[in-house]
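Shared chain: chain A. Partners: chain B in the first complex, chain C in the second.
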Partner chain A sequence: MEGMWAIILAIPYTLLVTAGAFLVGFLLAIPLALARRSKVAPVRGVAGLLIDLARGIPPIVWLLFIFFGLPLLKIKMNALEAGILGLGVVSAGYLAEIFRGGLLAVPRGQFEACQALGLGGWTSFVEVISPQALRAMLPGLATYFIGLIKDSSIASVIGVTEMVYTATTYARNSADGIYTFFAAAAVYIVLSVPFGLMARGMEARMQVSSR
Partner chain B sequence: MIALQTNTFEFWAKYFPQLLAGLGVSLQLTALALLFGLPLGLLLALGTEAKLRAVRWLSVAVVEVGRGAPALVVLYVVYFGLPLLSWSPEAFICAVIGLTYTTAAYTSEYLRGGLKAVNPGSVEAAHALAMTSGDVLRFVVIPQGLRVAVPALMGFAIQIFQATSLAYSITVSELTANASGIASSSFRALEIFALAGLMYAAITVPTSWLTNKVEERLTLRQ
Partner chain C sequence: MADTVPPGRYSGKRDIRTDAVNYAIELGAIEKTFAGHQVLKKVSLRVKQGEVCSIIGPSGAGKSTLLRCVNLLEQPDGGNMVVAGQYLAAGRSHPRRELLQLRRNVGMVFQSFNLFPHLTVLENIVLPQRRVLKLSAEEARERGAELLKRVGLAEKADAYPAKISGGQQQRVAIARALALEPKVMLFDEPTSALDPELAQEVLAVMKEVAASGMTMLVVTHEMGFARTIGDHLVVMEDGAIIEQGVPEEVMTNPSEERTRKFLSAVNR
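Up next, the complex of A and B:
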């Protein structure tokens, strides 16, 4: 029973890793997605390569590289920071592709209209383009976030004390520790339901406001 | 300090064979998970559309648990759980079982999407030709549905190949585990994980380009 409590007490860590990685990924994905649309071919190429590497290397390898590799370059961080950064890098790759899709969904006429009205690059991006792109991206972002809740379990490998790390500790020490995994699995499934509903609600509201 | 050691390329050359052996194990895990997982996924896809309510609910539950629980948790449940049922297979077998379940759960949704995309007209036509329900599935629905699902399944294959790295946490000597072993004996984690990462990317990046190409082809034809 104390195992169950330990799992529940570890939920905030799971959410912290998820939210942190999503935020890091979001911030890194914006320049990546814009670079992907650059007029300069090498900039496009480099951005594409970075996106491919972020998505093509398993999250576990990113985490081990950052947590055990970067200290050799005198870049030290604790497991939580390394977990958030590593999953953030992976998220950046996936989110950049979602952003690219969102930007493609904004009609070309909107960009032309911004130019015709003499709006600056920044103003047109913030005031005109991104609100429309965001609307198109919302389902993709929500799906990715829900997937990321599950992927945050990978941070247990470098010792972040989230749900799965807690469960493995119990499983190694007692025969009925296996039940802590069932508890953890149930929490993952239960967590994805409210976030899924929230996403659906947000989507519905966005649809209304676009009319 | 680094100047005293061999340079990165010599270091990479020395340990490349060991990583390559690990990559072999990762690819084996991928192949076995797909080999067993895809037919199970197809069964689950048909099960979620079954006429019997009990079969439908059971299939949905199996799929939702498999998609809702992280693949890592599934692996741990198999690894720590099977010995409690007095069967202690080696870690590799546990990894195959865990990844197979994850594969079955995810692919069942892609396959279901594919089966649903089959034109109802061709099903009616098959029935009108007096084909039995089994034959309609076998010769009409499944071949057409599979084709629609191909790009999604290819994308998933890339994901499950990456997910084989999770088997590291249950002590399977695949690519990540071998890299980790070398990192702790040589104290050169940065270089060895970089090489391991590039080896994964050498498989995933070209295959994802290929997936995009196939997807374009199939959409053009429609």
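Up next, the complex of A and C:
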């Protein structure tokens, strides 16, 4: 029972890592996705390379790099910050590709209408293109967010006291520790299902409206 | 006709031509090549102030490309032009300021309407006024409402584009372009995506715009419009203008065999 209580107390850490990594990833992904569409080939190339690095290196390796590597460069970070940053970097790679898909979903004519009207690049992006791209991206974003809720458990390897870390600690110290894992699993389901339903609902609605 | 437009006659933004005729658009030997395929072969064309010039011709003739060169949605590879008094030479990149000036003077209406789907009809017309003309929200809405009345859609102000017919969307697109008070309007097959009855309501709006004195360059398959509203008719084929003149004359008595063939194919 004590284990259950500990799991519940660990939920905020799971949510914090998930939301933090998503936010960091989101902010880093915007320039990456735009650079991926640049007219300048080397800019596109570098952005592509960064995206491949973010996604190609296993998240657990990213976390270890950041948690144990950055202090060597005299950058101090606690486990929670390192976990958010590491998973944020990985998320940036995946989210940049989702953004790219979203931008591709906006018809050429929309860009041309902006140009023909003489709207500036920033205005076009913020007021015309992004709202449409975001709509197209919502299902993909929701799906990625669900994945991230679960992947936030990787932060346990560097000692972030989220649910899996907590469950592992209890499992080591008590005979019926397996039950804390059941509890953790139940919480993951409860957290994921609403987002899953939301994503499916959005997809269904988009199919109706694009008809 | 001179092959290219001599740049010396213009200084800066102001048109200091001395000719009696005022041209809103002068294209001099415009060339455009896509991936080794020359789509425009030194096309020269003059459109007088207040004139409605229709462009017809078979698919792939380069009509859209020519139109898109006028507002630099497409960069010509060769030639030069004067659009609403602004001199533009091909073969160099145009600074932002120059592009914005050009696009303020030139409105464009697309075959696919290209309204912004996440904004209401009125918001579609308000946004460019606010950002380009820097009008206040109130003033932009007022002028937007007036323009909607002008195209007969006052009651659709708060509808989203997806909820109105194609013909109504195209009329909104025309209102949106007019809101920026362009000196020249480009139309690229504005009725091709529409059923005949819906096309008629768009053509009626275009007729009214023409009557208001707007200079219009119209790529179209609507022979009736080209004949009755158009002042000048240009026939393009294979990247070149093969014939041009008074619409009635070109249509009833074309001097080119290729024009005759095209016309009989369209009128069938």
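The criterion applied here is as follows: the second predicted complex is superposed on the first by the 197 of 211 C-alpha atoms of A that agree within 3 Å, B and C clash if a C-alpha of one lies under 4 Å from a C-alpha of the other, contacts with A are read in each partner's own complex, and residues count from 1 in each chain.
Basically, a contact is a pair of C-beta atoms (placed from the backbone, for glycine too) under 8 Å apart; a residue touches a chain by one contact, two chains touch by 3 or more.
As the structure is a prediction and not an experimental result, all values here were calculated from the model.
Of the two partner chains, chain C is the only one that A:A113 touches; chain B does not reach it.
In the superposition on chain A, A:T123 makes contact with chain C only, not with chain B.
Residue contacts after overlaying the shared chain place A:L28 against neither chain B nor chain C. Of the two partner chains placed around the shared chain by superposition, chain B is the only one that A:I154 touches, whereas chain C remains out of contact. In the overlay built on the shared chain, the residue A:F68 is in contact with chain B alone; chain C does not reach it. Between chain B and chain C, B contacts the larger number of chain A residues.
Shared-chain residue A:R135: touches chain C; no touch with chain B.
When the two complexes are superposed on chain A, none of the residues of chain A touches both chain B and chain C. Only residues 64-65, 68-74, 76-77, 80-81, 84, 162-163, 165-166, 168-169, 176, 179-180, 183, 187-191, 193-194, 196-198, 200-201, 204-205, 208 of chain B touch chain A when the two sit together in their complex. The residues of chain C lying in touch with chain A in their complex are 71, 73, 99-100, 103-104, 106-108, 110, 112-118, 127-128, 131-132, 162, 176-177, 180.
For chain A in complex with chain B, the residues that touch the partner chain are 52-53, 55-62, 64-65, 68-70, 72-73, 150-151, 153-154, 156-157, 164, 167-168, 171, 175, 177-178, 181-182, 184-185, 188-189, 192.
On the chain A side of its complex with chain C, the touching residues are 107, 109-110, 112-113, 115-120, 123, 127-128, 131-132, 135, 209.
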